[in-house]
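So that we are looking at the same thing, I have put the structure below in structure tokens.
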Amino acid sequence: MAERCAVLGGGQTHHRRVRDDVSIAGMLREAAERALADADMDWSDVDAVVTGKAPDPFEGIMMPELYLTDALGGTGKPNIRVHTAGSVGGSTAVVASHLISSGVHERVLTISWEKQSEGDTTWGLSGGRSGGTGAGGAFAPYMLRYRENSGAPENTGFRVALKDRRNALKNEYAHLKLANLTEEAIKESPLLWYPVHRLESCPTSDGAACMILGNEKAARAHSKPVAWVRGTAVRSELGQFPGRDPVDPQAGRDCAADVYRQAGISDPRKDLDCVECYVPFSWYEPMWLENLHLAPKNEGWKLTMEGVTELDGDLPLNMSGGVLSTNPIGASGMLRFLEASMQVRGVAGEHQVDGASLALGHAYGGNAQYFAMWVVGSDPD
Amino acid sequence: MAEQQAPVVMMEEIVSLEYTTLATDVGIRFMDCLIEGRIIGHKSKQSGLVYVPPKGYCLMTGSPTTADDEVEVSDHGVVTGFTIIEPIQYPGQEETERYVQAQVLLDGASSALGLCRIQDIPFEEVRAGLRVKAVWRPPEDRQQTIVDSWGGRAISSCIQHWVPSGEPDADPASIAKNMY
Amino acid sequence: MADILDLPRDVAIVAFSQVPSVAQETRTEAQMLVESINGVLEQSGIDRREIGFTVSGSCDYLTGATFTFVQMLEATAAWPPISESHVEADGAWAFYEGWVRLLHGDIDSVLVYASGKSSLGNQQEVMSLWLDPYYLETLGVDMFSYAGLQAQAVLNAGKGKESEWAEIAGRSRRDALSNPNAQVRGEVDPAELLREDYLRGPLRPHACPPVSDSAAAMLITTAEKAAKLGVEPVYVRGIDHRADPHYFGVRDLSVSESARIAGEKAAAKAGFGPGDVDVAELAAMYPHEEQILVDALGLGDGVRLNPSGGALAANPVMVTGLLRIGEAYNAIRSGSARRALAHAQSGPCLQQNLVCLLEGGNG
Amino acid sequence: MDRPSENFTLALKYKRTLGPVVGAFLTGLRDGRLVGIKTAEGRVLCPPLEYDPANGQRTGELVDLPDNGTVESWSWVSEPQRKHPLERPFAFATIRIDGADSALVHAVDAGSRDVMAAGLRVKAQYAEERTGRMRDLECFVPIA
């Protein structure tokens, strides 16, 4: 790449079911002002803005980044809007990083958001007027197929949910904070889409995530630790086609291989210090462990059951509490990327993994067909 | 209007837009056949794959398909994936009872149909590999509708649901890579 | 703030294909895109599996559904999986993203595509949904009304006349006669047009864009790849896009600051300015927008405006901007221009503007 | 051939939380008064914007403004549509409220297009029933 790219600062909102204290612009500003402060920058330092969110009918505004120009200090600047389904927060960060690594800009603000409480996202996720059963109904057959293929015990999913919900208790910004949960309580919660129970599913949240990206010159001038972007990749495949394996999509495997190659990672299970990945339903943890080449086929669940993915485990996964705890859809991908950067900058607070220096951020969307990933490190190479 | 009322903190708004969807040529043909009780697809010359409903192109090669590529497929097939849904209530949701939703790969087709309702079988016996057949609505009840990309609405306007056909289960290997 | 001008590599357009703009297309967007994409594959001779990155532009609200771009992806035959992204915007912004991606040097080709069927909805109402949701959208300000506000501002500032708008509309329709992909064409007497009733005073129907459906695709590559493919490149010498504030009550509607800045920034990269081109394809949906843009970009009398007929002759929303880039490319390929400018816009009253400066291979 | 088609209405309800600035303006409208906001440079924006469009900085103090203003530009609607604020011909206009440095977009009930002119003085006319929405301000009318 022409230029190195680094995360100079990050910020997010306090995520809630309803952020009834702010307008949409006010909510974005909460994340953006935290990110700018973290980067020791002001609006005038920003060269360009890249925004992302899920479908516009969620809030009933077409291309809302137009209205948000003022709130994002965007007058006289370039403003790009990305939309790649659930992976959008990750894809948005990738597009923003390319504005730096291509050499076009020095400092870029990137922000993703959703204010789900404004409208009815279940309607939208069900394909709008074409009808359907929401993301849970769409993904449940794949989780079921995974369970059957792998022979994973039923409580794998409960274990994931328990871990992510515990991690969320350490994250001041997380939405769902459920203390004193047990595997039993998760099992007892209503079965929504067999095999997925309510407590194994993500909530709907209002929130935003923001990062300030800079080139090497800007990163070297920054007084705080930065997260160097060591690789970015996106991959898409069709949602339905003959021969497709939706349980272990090729696009995800290819995307991971590409991003590891760029980051110089030959053994991701050994080289990565932690992973923040997009798990909206608990069974996706073992599925993505395999898809991301972190476990052999049909053995991802063993890492979960052995405690490898716990915050103090050998390969912590979803330190923030993950999508299971916080899910402002458009921002969910960027929150994964942001968390990865916080870990390698050493600023993750109570959910910090000791000594983390290389982390993967992951997002997916559509019919498990869109993938965006980045690897960030505390060192540039 | 008293000046002392509480501050306004929220507003409600109904965003209402009107749209018209026009049937496509391939959609019209698919629908006409369904009303006659037949399921058709397009068989790509390039890949040999059969798409149901026909889209007018081959997903795997990007080449157009036309009426010349039309083939008829069976109304018997195999369940390649499923879930059991406990309906969440939201605007437009008409379901209130638990039901089985499955992908069904029809005999002669290369890709499975999504959103198929399976009935006449206990929930715990539903499985991938199960052979099923269509239960057609009476001809007079079959409704013209616009065929969307997956064909779901068109199919459910002519096929009520799917039931076990009594045939032996499909070999798991034959459906392992054909969930869709 | 800093803009880095010394960009490392030449990016070129090597193929462009569009589906003719029509008032109501009966195929799906994916079907239209199959035709467009196959068109650029054929023109360039590239194998689709060689393409390094794919990026598209479209908008859910035109269709009234969600995730509509997912179905459009089918037109790419994305197998094995492809490196791909999507902007919820005109395809010109997808083109920009593709240009950025090519600067990295790790890939050598990008497929850009866009589609839109405005005929599905009530365009005037749909296009009011990008207004701020508290103060403007709730008033029901439709697209012709906010355009009318800007048109009147141009009249008030003495920067345009209704008779000039009729001349521009007449020129567009006349030029469209030689463009098989245009939709509104014919020889018209401007004096006749001025007898039309106002649609939104001061705008008469002839000064407003048609409702159009279309799709288009483009292949852009590095200079080296263009040479390998053996196709004649048209170089992207400079490109930039900028935004103005949203609420149009805070703007002077008779000028376009964002277009001016985008033009300057693009010129700084290109080494030549908007005034130095032979042809300018402007995404002006109304004649007064053309006048604002001519002013903002400093386009002199020597610049031929919208030889394709422009957006007054066909306005497939979300494709219009990419079509301008394609038509500017066509002008250079056909030899009628050595240098050309393409413009795209987004948002109410020209809120966001993109300027792209192109030059032929011998330039 | 008569091609089959289907009409459908996409009608969804949204609940928008307003925050302090938009909320103050709509509260003002409900109470029958116009509110503006000062930028750091001392410019007054009406309607009040949460962030200064010039530079992205937070805007500051809310200020009460009079009901009178001056038309800057307009667009005449001879056949009002279903979403328009008035059912009789009217103008959408940009109106600079006295004491403000930016213009407010709203409807002017002028009777005829010929009445509309840059510099036309207008006055806010409020709806009888007001609930804290943009349309609590029914329209502006020319000051005789």
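By letter and in written order, the chains are A, B, C and D; residue numbering begins at 1 in each of them.
The rule we apply is simple: a residue touches a chain if its C-beta (ideal position, glycine included) is under 8 Å from a C-beta of that chain, and two chains touch if they have at least 3 such contacts.
Nothing here was measured: the structure is a model prediction, and the numbers come from that model.
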Chain at maximum distance from chain D, centres defined as averaged CA atoms: B
Between A-D and A-B, the pair with more C-beta contacts: A-B
Centre distance in Å when chain A and chain C are each reduced to the mean of their C-alpha atoms: 33
Chain centre separation in whole Å, for chain D relative to chain A (CA means): 39
Centroid spacing, where centroids are CA-atom means, of chain B and chain D in whole angstrom: 46
Multi-chain contact sites of chain C, meaning residues that touch two or more partners: 26, 61, 64, 74, 79, 125-126, 129, 133-134, 137-138, 245-247
Sequence positions of chain A contacting 2 or more other chains: 20, 23-24, 44, 57, 59-60, 69-70, 74-75, 120, 123, 128-130, 238-239, 241
Numbers and ranges of chain D residues touching at least 2 other chains: 3, 8, 10, 12-18, 22, 26, 49, 53-54, 133
Touching residues (chain side chain C, partner chain B) in the complex: 24, 26-28, 30-31, 34-35, 37-38, 48, 61, 63-64, 71, 74-77, 79, 119-122, 125-126, 129, 133-134, 137-138
For the chain C and chain A complex, residues of the former touching the latter: 1-4, 6-8, 54, 59-61, 64-67, 69-70, 73-74, 78-89, 93, 96-97, 100-101, 103-106, 126-127, 129-134, 137, 240-247, 257-258, 261, 346-348, 351-352
Complex contact set, residues of chain D against chain B: 3-18, 23-24, 26-27, 30-32, 130, 132-133
Chain B contact footprint on chain A (complex, rising order): 20, 60, 120, 122-123, 126, 130-134, 137, 140-142, 144-145, 148, 190-194, 238-247
Touch list for chain D against partner chain C, complex: 3, 8, 10, 14, 16, 18, 22, 25-26, 45, 47, 49, 53-54, 72-78, 81, 83-85, 91-94, 102-107, 113, 118, 133-135
